[in-house]
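Two complexes are shown next, each including chain A; its partner changes from chain B in the first to chain C in the second.
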Partner chain A sequence: MSSTPVPPDGDAAADGSTTDPVAEPVTIQGHWDFGYTYFAGASASRFFNELRLNQRIMGTHCPTCDRVLVPARGFCDACYVEIDEWREVGTEGTLDSFTILTTSFPGLPEPPTVVGYVTLDGASTALLNAVHGIDLHDFDEAGALLLTQPRVRVVFSDKCEGRITDFAFELVAADA
Partner chain B sequence: MRATRPNDDEEVDVQRVYVHGTAVSSSWADGSASLTDLIFRCVRRALDDARMPVGDLEAVVLAAHDLVDGRSLTNMITAPAAAAFLKDETRLGDDGAAAFVLGDARIRSGSVRTCLVAAWGRASEGPADDIARALFDPFTTRPLGMTEIGVSGLRASRALIEHPEYAEHRAAAATRRGEVEGAAGRIPAAAWPLRDTELPIWGDVVSAVVLSSEPGPVEVLGAGMSTEPFELGDRDLTGLPALRSAGEQALREARRSIDEVDVLEIDALTMFDEALALEAVGATGSGRGMEALALDPRLDPAGARSVGYCAPAMGLTRIARAVQRVREGDGALALASGSSVVAAQTQAAVVLGRAEGHDTTHGRSCR
Partner chain C sequence: MPRTGHGLAVAGVGQTPYRRRHEGSTPELVGQAVREALADAGLTARDVDIVVGGFAPDGLAGENCPDKRFLPAACAIGRWSMRINTGGTTGIAAAYAAMDLLEAGRGDVAVVVGVERMAQANSVPAVFNSIFDPIYERDTGLSTISMGALRATRMMARWGYAREVWAQVAERNFDNASRNPLAQIRTPYGAEDVLRSRMIAWPVTQLDACPVSEGVCAVVIVRSERFEGSGRPLAHVRGRASVSDTYNMGDRVHRPIGNLEDMITLSRSAERAYAQAGISDARQAQVVEIHAPFTHAETMAYGPLRLCDAPDGPDLVRSGFGRWGTETVINPSGGPQAANPVGATALIRLAECAQQVMGSAGERQVPGARVAVATGQGGANQFSTCTVLSA
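Moving on to the complex of A and B:
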C-alpha cells in the first residue's frame, strides 16, 4: 500500500462536496429483528392470569410500607423485602396523568390514542393503560377535559388473553 | 480535600479533581464521518483543549447505548476511538453525567491521576421512536406504545394539573429556547400536551471531558447520583426525587447551597421536564420552573437546544457547557446534571467551581 496521499480524481463542487467517486460516502442499511421470549415470573404471571381468567386486577401488599403495588410484583423495591400477600383492587380510579400519543407503531392501534396512569381504588401505585371513548377531533378540547382528572373505570375486552391490553379505562361520566 | 459520606456523614480524605478540557461536537447525518470518526475527532479536541498527550491519560470512562449505536456491545467498536487503547477503561450503559461521576471518583479515590470521560449518541443512524419504545417493559408499557416523549407527555399533563401557572409561561420559555435552523425534520412527534417547540431536536452528539488531579481552570466540587423505581406508576413524575437527591448530594459534598449557584445546566428531554427539573434541584420554587425557563439568567436554554439531543450524550454535554460558561465568566459556580433512560430514572449531578488563580481562558470548548 502506498503511503503517498492520492489526489482526488474529481473536482470540488461549489458547496465543498467532491465529485470524486472514490470519496463518495458509503452507507448500508441495518435491521435488528430478533425474537425474544420474556418470562414474566410467578407474580406477574398471576397478575396477567387473573386478568384473563377472572377479570380482576390484583396487587401485592408490602407489610413494611403498607403499600398495595399494582401491577403485582414479588418484591417491594423501596423496602427491599419479598411480598406475597395478594389483594384485589377496585375497578375505578382517578386519572393521575395522561398523554395523547401520535406516534405509529406496527401492531398497535393507529394514533392518536390516549394513555393514562390511573391509581385504582385500593391501590398505592398507578397503572398505565389506554383511555377509550375520548373524542380526539380537537386535542386541546380533549386535553382540557382530561386535565380535570376525571374518574375512570376499567373495561375488560370481550376476549382476555392475559395481556395488559385485556382492559382499558373509560370515563365514568361517559354514560352517567 | 475532605468529602462526606452520605449515610454516616463521616469525613474522608479524597483527591481534588479538575476539568482540564472539554469538547462537544454536534452534527446531523454527516456521511463523510463514521461514528468512530465523530468520537475520535471530539475526544482529540478535548485532549487538545486540555493540552494533554494521550500517553498521560490513565483511565477512560465511556457512556454509550447499544440500541442507539445500532451495534451490539458498541464499546468494542467505539472505545479505541475514544482513546481507550491499552487504558483502564470503564464502560457504562447510562448517561454521560453518570460516567463523569465515575471518572471523578476514579481520581478522587487516588486510583488514577487523569481520566477521560466521553459519551455519544447518533440519532441520525437509528429510529429514535422505535429505540425509545424498546426501552420499556415488554409486559406493561411497551404494548401501549409508550416512548420517552410519551412519558414526557404524561409528566407535562401532571405538571399542568399541579401547576396551572406553567401554561402562562410556556410560550415565553419556548421563545427563549429559540429556533434552530434546518431542524424541522429532526423534531419527534409530539405527545399532547407537548408542542413542537417544547421538544428536543435529534442530533448526532459527542461529548468529552478531560479530568485530572492537577490543578486546572475548573474544579469538580461535588457529585451525586440517585435512582428511582423502574415502574413509572410508582414514581413521582413531577417531583423527580432522584434528581433532588443527586443535586443535594452534590451540593452537600461541595459545601455550597443552591443559592450560590450562578450557572445552571440541567439536562432534560423536553421543556416541561426541564422546568420540573429546575424545581427539583431547588433552583426555583414549586410551580415556578416554567417561569424560570423563560426568565432566569442562570440558564442558557438556547445553548443547550442548539447542540441537539441524543441519549446518552446529553448529561456530559451539559457538564461541558457548564465548564465552558464558567471559563467564559458567566459565573463562578455551576450545577449541571444528566438524566438517563428510562424516563430519567437515574440522575447524576455535579457542582463545578472556577479554580482561583488559574487561567480559565486557555482552550475552548468546541462545536
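Moving on to the complex of A and C:
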C-alpha cells in the first residue's frame, strides 16, 4: 500500500467498506522505472559545454525579432526561423519571478529553497534556476524581499558537468 | 444568439463523483459515466457515431497508452475514435475534436470522455516534474505547483494581489462545492483556513491549490438539427475557440503583448468565442466555469474573460463578485479547487455549464441560467479554450 497520507476529504476507497470477502477490493502494485538518455541537441549542447569549459552563459540571437534567447535555442518559435548567432550574456541580472518551495516531495529539491526566473544582462528572455543564500526563516518576509525583483548574480559550482545545475543565482546585495 | 457551424449542442452529461481515489478500474469508471451520459441524452450505444477520449499524462495513472483499454469502455468499438492529450485542456480538446468531426460530417452523435486516475501514482509531484523540458528545466525541480507560483508572485508585484485576496477566492469556491455532491472537497473552508493551510510553494498553500482527484466525465454532443422538436433540453454551442502559445515561460517574461501573467491565449480564445456568440464579456453569462487549478490562476483569467481590467482583479474579488446568489456565479460546481481530475477537468467545466443552461444542475443550479462560459487551460499555461453555451 502507498505510504502517502490520505486526506479526510473525498476518498471513495476509504469510504467503501465491505463485509463481503469476495467483494474486497484488490490492489496490484506497479512500478515505472525506465531509464532514458536525452540528447540535448546542438544548441543546448553548446550552451552546456560553454558552461562546463568556459563558465560562460550563452544565448542565441534571432535576427527577425532581435531577441537574445537564453538559454540558447536553435530556433525562435515566435518568428519560426532557425537561429545560430551566438551571444555571451552577463552574469548579473534581475529576478523577475520566484517561488519559495516549502514542502518536501519525493524526487524534488529539499525545502525550503527558492527557484526563480532571471533575466541576465544582455538577454531578452528569463532563465529558470535555483536562487541561493536567501534568509528563509519567515516565508512572508523572504517573499516581500524577493517581490522587489532584486539584482542577482550567477554563481558557478566548483565542478561544472554540463547541466543547468552547474550554476545558481544569489543576491548581489548580499555582499553590500 | 447566432449559431455557428452546423449547429452543435451538448445533449447529455454523465459524471462519476470526483474523489481522491476510486476503487473501480479505469474501464469500469468510463463505462459508468458514458452510460449515464447516453441515458441523460435519451440515446443508446447504437446511436453513437464518434468517440473521443481525453486522458492526460500516462505517467500520472501509470497506464501507458491507456486509450487501448478505455476507449472500448466508452463505446468506441466499431466507431471513429481517437484519444487526445494536451495536459489540462485534454478534456475540452477532446470535445472540440468531436465537434470538428461532427461538423465535418462524420456523424450526428459523439461521445466525449475525460478520464483521470492520478491517485494510482505514489508521488504525484514527482510525475508532474517529469512533464517539463528534460534539458533545461527539469533539474530545477519544477512542478505544476511551482510553475503556478512563479506566475502568482508576478501578479503580486504587478497588480497588488495578496494571499488574503486569493484566500477569498478559495472560500467562494469551497462554499459553492458544498452544494455539489460530485465535488471531492465539500468542507466549506473559509479564507482563514486557506491562509493557515500548509504552504506548498509560496505564495500557494494547499487550499489555494487543487487536490489530487480521480473521476470520469462524459458528454454527448450532437448535431442539434437532429434533435429539433424532440422536446429534450439542449445546451447549444454558440461559440468556441482554442489558441496556443510557446512552451517557454521565460520567453514570456518581457513580451510586450502577452506577458507571462497576461494569459493572451485565453484573451484571444474568449474574444473569438464571444464574437461568434454575440456577447461582449462574461458578465453577460449567468455561469462562468473557470478552469484554474489555483486561486491565483482563476484571478488571472478575469482580465482575459473581460470580467474586469486585469489590474482591477483584487478589487473584483473584494467586491464579492461571482458569489452564489449574484447575477454571474463563478464556478457553481466549486471549480477545480474542489476536484481537479486532470484528464477530465476542462471537460467538466463544459459539462457543468451545459447542465446549468439545460436546467439540470440540481442543488447547484443557478436560477435562470441561460448563458454560460467555460474555459480550459493547459500545458505550461500555453493552451487555452473558451466555449459559450446557451439554452
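Everything that follows uses one rule, which is that the second predicted complex is superposed on the first by the 152 of 176 C-alpha atoms of A that agree within 3 Å, B and C clash if a C-alpha of one lies under 4 Å from a C-alpha of the other, contacts with A are read in each partner's own complex, and residues count from 1 in each chain.
Going forward, contacts are C-beta pairs under 8 Å (C-beta built on N, C-alpha and C of every residue); 3 or more make two chains touch, one makes a residue touch a chain.
Note that the coordinates shown come from a computational prediction; the quantities given were computed from them, not determined experimentally.
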| item | value |
| --- | --- |
| Chain B versus chain C, judged by how many residues of chain A each one touches | C |
| Partner chain(s) touched by A:Thr19 [first = chain B, second = chain C, both, neither] | neither |
| Touched partner set for A:Trp32, first chain B, second chain C, both or neither | both |
| Partner chain in contact with A:Thr64 - chain B first, chain C second, else both or neither | neither |
| Contacts of A:Thr99 with chain B and chain C, given as first, second, both or neither | both |
| Shared chain A surface residues [contacts with chain B and with chain C] | 25, 30, 32, 36, 38, 40, 44, 69-71, 73, 77-78, 96-103, 105, 108-109, 113, 115-117, 119, 125-130, 139, 142-143, 146-147, 149, 163-165 |
| Residues of chain A that touch chain B when the two form their complex | 25, 27, 30, 32, 36, 38, 40, 44, 48, 69-71, 73, 77-78, 96-103, 105, 108-109, 111-113, 115-117, 119, 125-130, 139, 142-143, 146-147, 149, 163-165 |
| Chain C-touching residues of chain A, taken from the complex the two chains share | 2-4, 6-7, 9-14, 16, 25, 30, 32, 36, 38, 40-41, 44, 67, 69-71, 73, 77-78, 96-103, 105-109, 113, 115-117, 119, 124-130, 139-140, 142-143, 146-147, 149, 163-165 |
| Chain A-touching residues of chain B, taken from the complex the two chains share | 31-32, 70, 129-130, 133, 138-141, 143-147, 149-150, 153-158, 160-161, 188-194, 229-234, 237 |
| Residues of chain C defined as touching chain A within the complex | 17-23, 59, 62, 120, 122-123, 125-126, 129, 134-137, 139-143, 146, 149-154, 156-157, 183-187, 198-204, 211, 213-214, 246-251, 253-254, 260, 339 |
